[in-house]
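The same subunit A turns up in both complexes below, where it pairs with subunit B and then with subunit C.
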Partner chain A sequence: MLNRFPPLAVAAAAVLAGMVFAIVFMEQESDVAVISLIAAAALAAWLAGRAGVAEAVSRAALASPGALSALVAAAGLGVVAAFAEDHFPLLMLATVMLYATVALGLNVQFGYAGVVNFAGAAFFGIGAYTSAKLVGSGVPAILSLPLGGLFAALVGLALVVPVVRTRGHYAAVVTIAFAVLFKTFLEVNDAFGGPQGLPVAAMNVLGWDFGDAPTLFGADASFYLNYALAAFALLALAFTLVRRLERSWLGLALDAVRLDETGAACYGIGIRRNKIFAFVLGNAIIGVAGALYGCMQGYVAPTSFTFSDGLILVAIVLLGGMGSPWGMILAAAIVVVLPEKLQAIQEYRFLLFSAVVIAILLFRPSGLLPRRVRRYFPEGGR
Partner chain B sequence: MDLFGQYVVNGLMLGTVYALVAVGFTLFFGVLDVIKFSHGDVLMVGAFTGFTAASGAAALGFSHPLAQLAATVVFALAGTAALGAAIARWLILPLKSAPRLNILLATLMLGTALRESVRLFYPDGSNPKAFPALLPTSSWQWGQFTLRADSSILVVTGVLVIVGLHLLINRTRLGLAIRAVAQDEETARTMGINYTLIVLVTFALGSSIAAVAGVMNGLYYNEINFGMGLLLGLIGFSAAIIGGLGNLYGAILGGFLFAALQMIGAVAMPFASAYKDVFAFAVVIALMAWKPTGLIPERASDRV
Partner chain C sequence: MSGEMLLSLEGVAKSFGGVRALNDVSFGVARGEILGLIGPNGSGKTTSFNVLTGLYAPNGGRIAFDGADITGASPQAVYRAGIARTFQRSRLCLELSIFDNIMVGNHGRLNRGLWHNLFARRALKAEHDAAFAEARELVALFSPSLADGMFQAVGALPMIERRRIEICRALIARPKLLLLDEPSAGMTHDETHQLMSDILAVRERLGNLTIILVEHEMGVIERVSDRCVVLNYGEKIAEGTYQEVASDPLVQEAYLGSA
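Up next is the complex of A and B:
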């Protein structure tokens, strides 16, 4: 029934509706309003699916991916702008964007190359602790982000041999052991502040002090606006990188390695080389996000980077749909925002969260926005 | 020498607990090729069930420690056996053909759910509970070296459970059926083995062994808390993996090896003893690099 409208127009309307919903949703305080909005959103998503909106959006994405990405980016900035003066919603939005960035990094690892990583939170923490140490000792903040990524990638290199040599459950134990090791190490090591953690100085990029409240059209905005914008830029960068990677021959090789190692090796694709590439690149992306997260939080402590946090990150990837970058963003938003908004269930949030993930694994195992089969001939229509 | 002796006894105790947990992982992997990651939290549920039974027996007037101990063991074993079978029936069998990562995550999430349920719904569940000391508290003294009766009883019990399991798997018809299912599901079915029943029995068996470990842990440390299962489950999984999945002896070897690593990390290394877990897990990672399929590898052929 929507066939009469151009797909891009339908997609634009859907994105606009999503943006308005996000703003309205974030403004709600009462549990009744939040729960009824969730119900309304689920109903709307179901109706939209029936009416063919999803199909129109995916056709628009195929026809003009740039335009659609720009639309979503503008909508995201719109949501950020709507809360420019409020600390808490901005902090939440920035956290969503950083978690989505981390999920993109994990997505490169096990969505594309099939390398399982349960230590996402540990690499996130390496980035955060790097920025805590560097910004404190006077290294320019603009360097601390890439250095956070570099450091996470370097530490990850120590795991490369066991990660590449093992498979399946044997591979899982390597990163699980590392996640536990990392948190225990932080707790007992005095140089990193022990269980209390370390304070992180505010970022200052080329004279732009992130701790200062910026002025926006004459009104004082929250200083978190700086971080939200930086997180947005980081997410946009990571997203572009991951999409480019997926479409390139590198991504094709990674897919081949994941789907059939023997077959890929027969065609001369280096299994080890590709796995190492994906593991290191993913860790670097996670580390950069962690460095910004550390600055934004103002302190880093071992309790933020436990094995359970790593599990939440893995859950985001599976929830969104492995290999689907858009799914990562949606899932990150759901996983971060929902528990914060439902204050009444704050105490029960882990229980509900685990129940929801189990339900999704049982009834929709490919995630919310499953990855589509790769199209080799983009010019051909349906 | 005396201190060394204490460490050896302590290490044997820990090793027995780890081996009991690892044996469960390896049993489940054997019959279904899945990792049930909620195993550590099932252990915790077992310990809490036992604790409740002991308190209940005390409240009903059974003041003799042996009566309380019997109640603890019976209820803990029965409760976790039912829980394990239920998990297999309603979570793992439906997911059997799903990707491995999905099963791993689903059971991890189930573990979180169990942990949170105990924390939220058990009376005062967020605080540690003092587990009653039900074993004789006497001890033997050899010079400086003290051997506590309770820890010896626990180690002997653990070893007996492992030996019993070994006999069950290798000498009985039930064990034959379990091994048949582990080797080849379809052939086992055609030979008239009730596949679902064997899977459920195996999960019940493995889970009740975890309960033994949980109760042992409670009796040894005289304390249980809702989070005790997480680390024990991770260690048990690591032990099963470094030993080699699907192999009973591998799991036992891995369990004692991990305990030995912790002891070495605590005593024999130049760094502070707080680093013992860091050391043990680092060695696990190094072992995986050296032996990617465990110390006793599975006999499996690659699909080409």
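Up next is the complex of A and C:
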């Protein structure tokens, strides 16, 4: 039905529709409007699937991946720009982008190497506390982000031995133990503010004060615009890195380790080396996102980095589709925005997302946007 | 054993708890030879392969390959030394493409540098294109239709195609020794015949690759092997040409039971 249009045009129309939907959706206040919009979106997605939009988008993704990514990025910036003056929607958008970045990190560990990490929120917290301590003591913010990643990766190294030595469920138990331990450690440690947590000074990058409201076309924008743009840049960076990792021999080795350790070993692939690489890289990505999150919130407390938050992060990876970078962004948006817009489910969100995870595992194990077979250089058309 | 031996096992033993899966097993393979490794179920054929490829550490004995001692070496080290294998039950990664699966076998020859893989995309593309051409050519020797769909997932393919891909995966890195663990498993008689013809044809092109073949179908062994080693209850009971071992009363008893 849509065959007579060029795939890229169809994909562009779909992206534009998505952007308009996101803006309209974020503006709604009443539960009725939000629920009707969700129902409309589900119906539209189903109809679009029937009409061949999904195929057009995948063909466009194969034929001109750069153009499609640029379109989606522009649409994302468009949504941010639409709310440039409003604190709350911007904070929400920035949170979506940071959670998506975290999910990309977990995806390297879980989706590629098969190392389940339930302590994602703890590594996120290590990044946040790093920037709380460093920015407060005068370290430039531009350094506190990479240092947040570095510390998260280093602390993760302490877990490497038990995680790599154990297989499957046992490795998961080690990360659960660490998640619980991390929150308790923060609560009893006065150097980290105990249960009350720590304030974080606003970021200042080379004279650009993130706490100041920027001026946009003569109007005063929200100071959260700074953070939304920084989060966008971070997400774009993490996305590119993870995409390139997947489309390389390194990503292939991680897949081989996840799918069949014995087979991989017989073809010379080091099992431990690959698991450690994925675990450390994933934690570093999560830590950088956490460092920015700390600055943005202006405050870090143990209750933001609990085991339950780690479960939500794993739920994002499962919902989006293991190994699928675009899926991480879509799922992060759903998981972060939905409870905020539907106040009725806010209190039940852990219950709801647990149910969603069970439903996903039962009915659509490959997630909302399933990962496709790897093409190393899709732009060649092969 | 003579100096011409590519691989030699001397007094290799492996036990699991009280079960002696291999007991003082010695045999060798000469360069360019096809050795049939046969025996009833549970006689230690696959265990021999697992010990050879480093999946199990032997409890005793010595394994030498191409002038080096590989006793107790890791699977990765055995692969690097030049031994590749296939498995009785396919170990292909079903959700990955044909090309991906073959590149798993090519892993040792690919550049795995962090910078090269993540940031030097142009150099990676050149390497990728060369590897793709090579893999495609190898697959085309077995099945031209498969070579036209290198990016389809392996899980959707029938058994015989999966076997072909598994053998391509083992051959892509040009091993010195190929271990085939029951290539006929799960296939019809005709498919097996076809596959063995393919293997023999490809082998010729690769300069008379040395092969050890574990197989249940005696027709296959008779057709392709230069020499046979017969195992029973983890011990070697006979060695020689197919005709010699087939007429050996010990072998007949092992297969048919004592009358």
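Everything that follows uses one rule, which is that the second predicted complex is superposed on the first by the 374 of 382 C-alpha atoms of A that agree within 3 Å, B and C clash if a C-alpha of one lies under 4 Å from a C-alpha of the other, contacts with A are read in each partner's own complex, and residues count from 1 in each chain.
In this section, a residue touches a chain if its C-beta (ideal position, glycine included) is under 8 Å from a C-beta of that chain, and two chains touch if they have at least 3 such contacts.
These figures come from a predicted structure and were not determined experimentally.
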{"item": "First (subunit B), second (subunit C), both or neither touched by A:110", "value": "first"}
{"item": "A:178 touches, of subunit B and subunit C: first, second, both or neither?", "value": "first"}
{"item": "Which of subunit B and subunit C A:376 touches, first, second, both or neither", "value": "second"}
{"item": "Which of subunit B and subunit C A:272 touches, first, second, both or neither", "value": "neither"}
{"item": "Touched partner set for A:87, first subunit B, second subunit C, both or neither", "value": "neither"}
{"item": "Residue contacts on subunit A - larger count, subunit B or subunit C", "value": "B"}
{"item": "Partner chain in contact with A:262 - subunit B first, subunit C second, else both or neither", "value": "both"}
{"item": "Touching both subunit B and subunit C, residues of subunit A", "value": "262"}
{"item": "Complex interface listing, subunit A residues touching subunit B", "value": "110, 116, 159, 161-162, 165-170, 172-174, 176-178, 180-181, 184-185, 188, 262, 307-308, 311, 314-315, 318, 347-348, 350-351, 353-355, 357-358, 361-362, 365"}
{"item": "Residues of subunit A defined as touching subunit C within the complex", "value": "241, 244-245, 248-250, 252-253, 255-256, 259-260, 262-270, 373-377, 382"}
{"item": "Touch list for subunit C against partner subunit A, complex", "value": "53-55, 74-76, 78-80, 84-85, 87, 91-97, 100, 103-105, 107-108, 110-112, 114, 117-119, 121, 124-125, 128, 132, 151-153, 169"}
{"item": "Parts of subunit B lying in touch with subunit A, wherever the complex brings them together", "value": "29, 35, 91, 94-95, 98-102, 104-106, 108-110, 112-113, 116-117, 120, 230-231, 234, 237-238, 241-242, 245, 272, 274-275, 277-278, 281-282, 284-286, 288-289, 292-294, 302-304"}
